[in-house]
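Consider the two complexes below, in which subunit A is the common component and subunit B and subunit C are the respective partners.
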Partner chain A sequence: MSKVIVYPPTSMILSDLVERMGHKALVVPERVRELVTANDVQSPPLNVTPEEPKKGLRYAAVDVPSGVRGRMALIGPLIEEAEAAIIVEDPGWLTGCAGCSRTNELVRLLIRTKGIPVLDLSYPTDDAQAKLFVHKIKAFLGGLK
Partner chain B sequence: MIRIAQLSCGSEYSGIQKEIERAAETVGAKIVYPEVSLEDILDVEKKFGVKVSSGDLNLAMARAVRIVENPDLADAVIVMTCFRCAEAAIIRSEIRKFIHGHSRIPVLSYSFTERTTAETLLTRMEALVTTVKYRGLLARERQKGLTAGIDSGSTTTKSVIMKDNEVIGTGWVPTTEVLKSAEDAFEAAVKMAGIQKEEIQAVGVTGYGRFLVGKHINARLIQEEITVNSKGAVFLSDAQRGPATVIDIGGMDNKAISVQDGIPGGFTMGGICAGASGRFLELTARRLGVDITQLGKLALKGDFRNVAMNSYCIVFGTQSLVNSLSMGCKPEDVAMAACHSVAEQVYEQQLQEVEVKEPVIMVGGTSLIEGLPRAMEELLHVKVLVPKNAQYIGAVGAALLVSGLLEG
Partner chain C sequence: MKVTKYVITSSESDILPSDIAMKIYGSKYDVSVKETCFGVMVNGEEEVVNALVKDIRALDPAGIFIKDRGFPPGDPRRCRGHRGGGARPGFYMIESESKMLPMISRALASSGEVFPIPEKKKKPLLPSRLEEIVKEGLS
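Up next, the complex of A and B:
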């Protein structure tokens, strides 16, 4: 079983595909669930506190907007943990979205420069492409330990 | 309960959402989030004119469209995005213009960091709520009876006594101990007016120390400076009807307010660096060895182009100041360069965020430093008005507004 990060990092469709193939999907909703169900609720709705943008300094400098660093505090540790990645280009918001374009750019960069196996895919626009999309993901995941 | 619609990107991930809601609660308002459908977001370009790559900014624009189409959804709007995000800065400004252009809902825009607290937002929220809540009071154009105003500012404390629409007494002292300074300024104004304190029918208080001073003297009105400065500025400039722009460069922060019929519409309140405030001019005067009251006259004789100065940061500004003097620059050129630099910061950082409409009125103690309004005129290419008693603007606004409560 490998730990696989997906992009967009909020995609439940990609997460489901990874889990079905017996791997561990690294996705943001799990991290958010940890925060919102924590006993110590300090800052509803997400329970992200000003500490998160400071933790995000590990991934981006202080002159990067606080919203990017706050998001990176959630996504960055997932990238560090990842052993493989699936990146879907131009996915559309229905697939998942971090809400911030700068964060998306940084996430893709950090995944690509980590040196792990990466499957790059285009977002499918018809049934035939969708089948090929799933087939490629299955083949990629099947090749992981 | 006043409903403030929040249109934002990044506030929850910056960890400041709780602070925004706390500030709203403190001023008797609640934050609401207009609901939109996915189609509204996907179609945002058709109605708004632009679509960007960040999903949350498109969501904010879709919410702006929804508010404009359903103005009953909110009483006021706050547009907030991350400080230093270029994409967000463009959209923040466009949302403000869109709502201004299509509705009469007051809008406040603000760029935040993770260090933004409820206290930082309080004055802005208070002004936004006042604009909605006290429209009738803000429409007041004449002062009636015998009232006083106290402006407990960060650098100076000012007080005025007004009687039947005239300023009859003024007092101005440096702020040291907040309560003592307020008492001293008040005493001076009472003495000049030649009245007894007991005759005063009501007192209005504004400025940083307003809560402390207001409670101490049992003030009838305790009001933030955005509202009172707007009223004071248009009253003293005889510009109560129609549009106006009020610029107040203070000792600790700056305000740029877009006013319509004496009521603030949009405003910004800056203060990220002291280099763009009255403090830098005080420092310049000290370094040049002239009294602050003489700095403006000296500046009028100089040319800012002869000195390289940028006071974006007060430390860099001071370095420029020292360097220019050591290179033999003339004091009058340095004085004008300092004025130009402060005006330029306000122009670049704040006047881009409000609709600049004539008359442009400069108020506050710094407006009396003649080089500063001159520099602003050169930057804006419009005539800048500095009304009589411009340094007492907050106190005048407070005295004027509190007289409206006498009839209630």
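Up next, the complex of A and C:
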């Protein structure tokens, strides 16, 4: 079983397909859960403390907007943990944790420079493309240890 | 550790969110469940929820999708009942991807051969066509 980071990191389709094939999908909701359900909420309501942007400093400089560093505090550790990656081209409707274009550029860059196996795809628009989409993901994940 | 998972059904699936909720109510698992328009949210201990979603997926392996959720169901920090209405940010992502679920379901269900789709290459603009555009623009 490999740890596979998916981009967009909040994707339902990608995380489901990865889990179906017996691998572990690294997704943002897991990190969010750790923060918001912790027993000691130090900074209500979301438990985002000044420590989070500091964690983000490992991935982005201090003059980078705090929104990027805050997001990287969640996504950065996932990239470090990842053993493989599936990247789906920006569909133009990313929202929430995945809604920052600069963070998304940085995430894709860090994944590519990490040197792990990467599968590049785009979202399907018809049945033939969907078949190929699923087939490529199956073949990619089947090749992982 | 308690976890929350979404169980989302494809719009072409024969299984309705209410069917899933009824199955969970009638099961041995100690979890809390909330029915939504696109599926259900299940909250409980990690091992219990994982075993349960495996059982639910068996109802329609190609038409049921599972997604992690950070906040527990009805959490006042995210529940629109406490925030004065409006969907939570994560809903828009689910809404957009839900439109693709029927295609993905059919792809998962089919075991046929997959033919590669030839990529459409953009042809370079011919100089004669460029001249026409320039003339049209200047006239």
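What we mean here is this: the second predicted complex is superposed on the first by the 135 of 145 C-alpha atoms of A that agree within 3 Å, B and C clash if a C-alpha of one lies under 4 Å from a C-alpha of the other, contacts with A are read in each partner's own complex, and residues count from 1 in each chain.
Note that in this section contacts are C-beta pairs under 8 Å (C-beta built on N, C-alpha and C of every residue); 3 or more make two chains touch, one makes a residue touch a chain.
Given the structure is predicted, the values throughout are model-derived calculations rather than measurements.
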For A:32 in the superposed arrangement: first (subunit B), second (subunit C), both or neither? second
So, does A:12 touch the first partner subunit B, the second partner subunit C, both, or neither? second
Under the stated touch criterion, which partner chain does A:63 make contact with: subunit B (first), subunit C (second), both, or neither? first
First, second, both or neither for A:52, with subunit B first and subunit C second: first
Between subunit B (first) and subunit C (second), which does A:71 come into contact with in this model arrangement: first, second, both, or neither? first
Let me test your reading of the model: by the given contact rule, A:43 touches which partner, first (subunit B), second (subunit C), both or neither? first
Between subunit B (first) and subunit C (second), which, if any, makes contact with A:89: first, second, both or neither? neither
In the superposition, subunit B vs subunit C on subunit A residues touched: C
Once the structures are superposed on A, label A:102 by its partner contacts, choosing first (subunit B), second (subunit C), both or neither. first
If I apply the document's touch criterion, which positions on subunit A are contacted by subunit B in one structure and by subunit C in the other? 45-46, 93-94, 97-99
For subunit C, which residues are in contact with subunit A within the complex? 1-4, 6, 8, 65-72, 75, 77, 89-90, 92-94, 96-97, 100-101, 103-104, 106-108, 110, 112, 114-117
So in the complex, the part of subunit A that touches subunit C is made up of which residues? 8, 10-13, 15-17, 19, 27-33, 35-37, 45-46, 91, 93-99, 123-124, 126-135
In the complex with subunit B, residue positions of subunit A that touch it: 42-46, 48-54, 63-71, 74, 93-94, 97-102, 104
Subunit B to subunit A touching residues, read off their complex: 9-18, 38, 41-42, 52-56, 59, 81-85, 87-88, 112-115
